[in-house]
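Going by the order they are written in, the chains are A, B and C; count residues from 1 in each one.
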Amino acid sequence: MKRNLREQFIWLLIAFGGWLIIDLLTFGGVINSFMLTIITMIEINVILAVSLNLILGISGQFSLGHAGFMAIGAYASAIITQSLPTIWGFFLSIIVGIVISSFIALIEGIPTLRLRGDYLAIATLGVSEIIRITINNLEITNGPKGIYNLPQFSNWSLVYIVACIVTLIIVNLIHSKTGRAILAVRDNEIAASAVGVNPTKYKVIAFTVGAAGASLAGSLYANYIQSVTPGDFTFMQSISVLIMVVLGGVGSITGSVLAAVVLGVVDTVLQNYGALRMVLYSLILIIFMLFRPAGFLGNWEFSVKRFFTKQKSSRENKS
Amino acid sequence: MEELIQQLFNGVFLGSIYALLALGYTMVYGIIGLINFAHGDVYMIGAFIGFFLITELHLNFWVTLVLTMGLCALVGMLIEFLAYRPLRHHGAPKITSLITAIGVSFLLENGMSFLFGGDSRSFPQAIKLVNFKVGFIHITNIQLLILIVSIALMVLLQFIVQKTKMGRAMRAVSVDQEAANIVGIKVDQTISFTFAIGSALAGAAGVLIGLYYNSLDPLMGMAPGIKSFIAAVFGGIGSIPGAAIGGWLIGLIETLTFTLGISSWKDAVVYAVLIVVLLVRPNGIFGKKAGEKV
Amino acid sequence: MSFFEVNNLNVSYGAIKAVKGISFQVNQGEIVSLIGANGAGKTTTLHTISGLLHPNEGTIQFAGKDITKSAPSQIVTNGISQVPEGRHVFSGLSVMENLQMGAFLRHDSDGLQADYEKVFSHFPVLKERKNQDAATLSGGEQQMLAMGRALMAHPKLLLLDEPSMGLAPLFIKEIFGIIQQIQSEGTTILLIEQNARKALSIADRGYVLETGKITMTGRGRDLLNDSAIKKAYLGG
């Protein structure tokens, strides 16, 4: 446990180092406001990708419904901060979004998570689209026009911190007893139930935590961009998160973070190519998949622990 | 009541298009287990090919239909050969093929937008529109054409799959690729053939929809693509009659939401019905109960 | 040169070497049996012969031709058919359609008709169930269908992988009788079996495969009486 704490501390140091670098570069004028927007969007994508990877990679459930949960968080924040435009209102809205998303994930997950593979993907896509269409038709959400002029409560720094916390929570979850049960269910559902692990329970846990992450990302997005419309949360949004997870390596949290960053950079570079942008993007995607079918990292993880045990493996072996 | 019956008829015509598309999804999924995301875009390509054959080469409708089907078959085979076959040969994970399919779909949509512009064009009236009135029901000759061509193609497909050597090979590869290899079936060639047939049907659907809605644009395949995949899931992926029934079912649900005045909830109703169907029958209406392999 | 010859065959799955430099021959008209425990590399060897797997090293020669790098369909055309382990009949296809798939690469409609008759004379039950879905057949009937399907390619060499697996003793007896009948009609047979007693009793010659290597070879009858083999494979 003590060693575990030390690793977490090192993680926090690395994370803080990253924050400091961005902060100093911004202060020194190297990073302008355009780049800061990109950085913030990358951070939001990190939250989305890591939370989807918990569902897809760690729990092995093919969900195409991330956009729906993101929409719930975004609209919860948009609606609440409209009438309660304080930072506390924003925090309240984040919690409300997470509660609603988790609740929907729970009642969605219990019946649907017994579906297999692509059938599950279509069912989760269906729920996500139902959420979006409902938002599109309600008055409180202002229908297809969406909600504008929201106060800006989130900034790159807050999103950075939240992204680190979410990643930390998910990594810790994976390494907990619950996490091992989730992995056991993924690897062999029948064997897992034979040793007393309830497959549905652990699939639902992963699915619900992942949904909460998406909702959180939605809240941060809404009060950063300062507007929300149903069109932001179509099926294509779920696909774009899915692409990040697969590009990084299904099951690799490190890969998801890396892919979110790389795609953010690639997207920015491609901005210069105007109409060809999406053509190039799709070509890069296809070619990358053909040459690296397992993504950047496969299921490899960066690990502080391994990094240290490698250096003093002789001592570790004795203890 | 009259309105309802009229909408039921409209639903059948629209559903025929979904059914034609769903057949391609179901065949490809049946044989290699891939949701071919680019399938809806092959339908878009079909509409564009039809558009050029009619406006530039002044071909008549039937020649256009047949040529478009042939060219779309080539497009489908090319996509399979360049994008999916290398991954299959390397035993890449299924999700990698899916992302590649999404990439191909993006490429077709954006490539066509880049080459021909993103604006919608109007499809030439290759067949003069004639309105009929049977009792109180309004029907156009184009609607009848869609229905008849779709049914004819489905019957033809059923014949190919059930009665020809290539059709038997397709079914054999779908159930057991290893055994198919052992008896000497050329698996790659059979998969290529499956893409050709599915894409030809998508091409036909593209020309028919162009004629029906009078318009085409590079993103026209996105929504029908997803809906017809859902149609295939409804029917049970891999089942040809299932895909046809699923297509008509979605067409009917969509038009019924118009009658009930809840057309803004159209897609939500489709998805809700789908989820209920899946919960009751996890493998679709006609799907076989596939035993999970451990 | 022998009718069929495998030389120094090496096959791996990634880092795992399943077959480590085996060599053996089959002469025309023989039944040769490859026996060994589970995991000895028997199925790997057959899959490599059929072209489903590719060797890292070694050659496979058949009727004077090097077929090491041939595609599965070419190997069938050349005259080698396999009856795979676990039958692998095409479910959803009728019995008749399964047989038609066996003849997938043939274009001689006259010879074809004669071969259907021959298969039905070996396995009358298949004729009775001609239009039935192959999935509805019993295990023994599926084994017969898999054999009939392989025979429809009109092979010169028939590869049989564990034909007795999971079958009742009565069926095993019937299947082995038919194997001998097929041999007597001029088809050469390479038989892989865990049921060593049964396999060696009909084999002209046998090879013993242990963890990827051939450890013993001899006439079927001699191997059957060998004390080491008795102890290891025949239950003492």
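Note that in this section a residue touches a chain if its C-beta (ideal position, glycine included) is under 8 Å from a C-beta of that chain, and two chains touch if they have at least 3 such contacts.
Computed from a predicted model, the values in this text were never measured in an experiment.
Here the chain at the heart of the shown protein, by mean C-alpha position, is B. Ranking A-B and B-C by contacting C-beta pairs places A-B first. Taking the mean of C-alpha positions as each chain's centre, the chain lying farthest from the centre of subunit A is C. Each chain gets one centre point, the mean of its Cα atoms, and the points for subunit A and subunit C are 52 Å apart. Centre to centre, using the average C-alpha position, subunit A and subunit B are separated by 33 Å. The distance from the centre of subunit B to the centre of subunit C, with each centre set as the mean of the Cα atoms, comes to 42 Å.
Against subunit A, in their complex, subunit B makes its touches with residues 29, 35, 83, 86-87, 90, 92-96, 98-100, 102-107, 109-111, 113-114, 226, 229-230, 233, 237, 264-265, 267-268, 271-272, 274-275, 278-279, 282-283, 292, 294. Residues of subunit C touching subunit B in their complex: 50-52, 71-73, 75-77, 81-82, 84, 88-93, 97, 100-102, 104-105, 149-150, 153. Of all the residues in subunit A, the ones that touch subunit B in their complex are 56, 62, 111-112, 114-119, 121-123, 125-127, 129-130, 133-134, 136-137, 188, 190, 235, 239, 242-243, 246-247, 250, 275-276, 278-279, 281-283, 285-286, 289-290, 293-295.
Residues of subunit B that touch subunit C in their complex: 165, 168-169, 171-172, 174-176, 178-186, 288.
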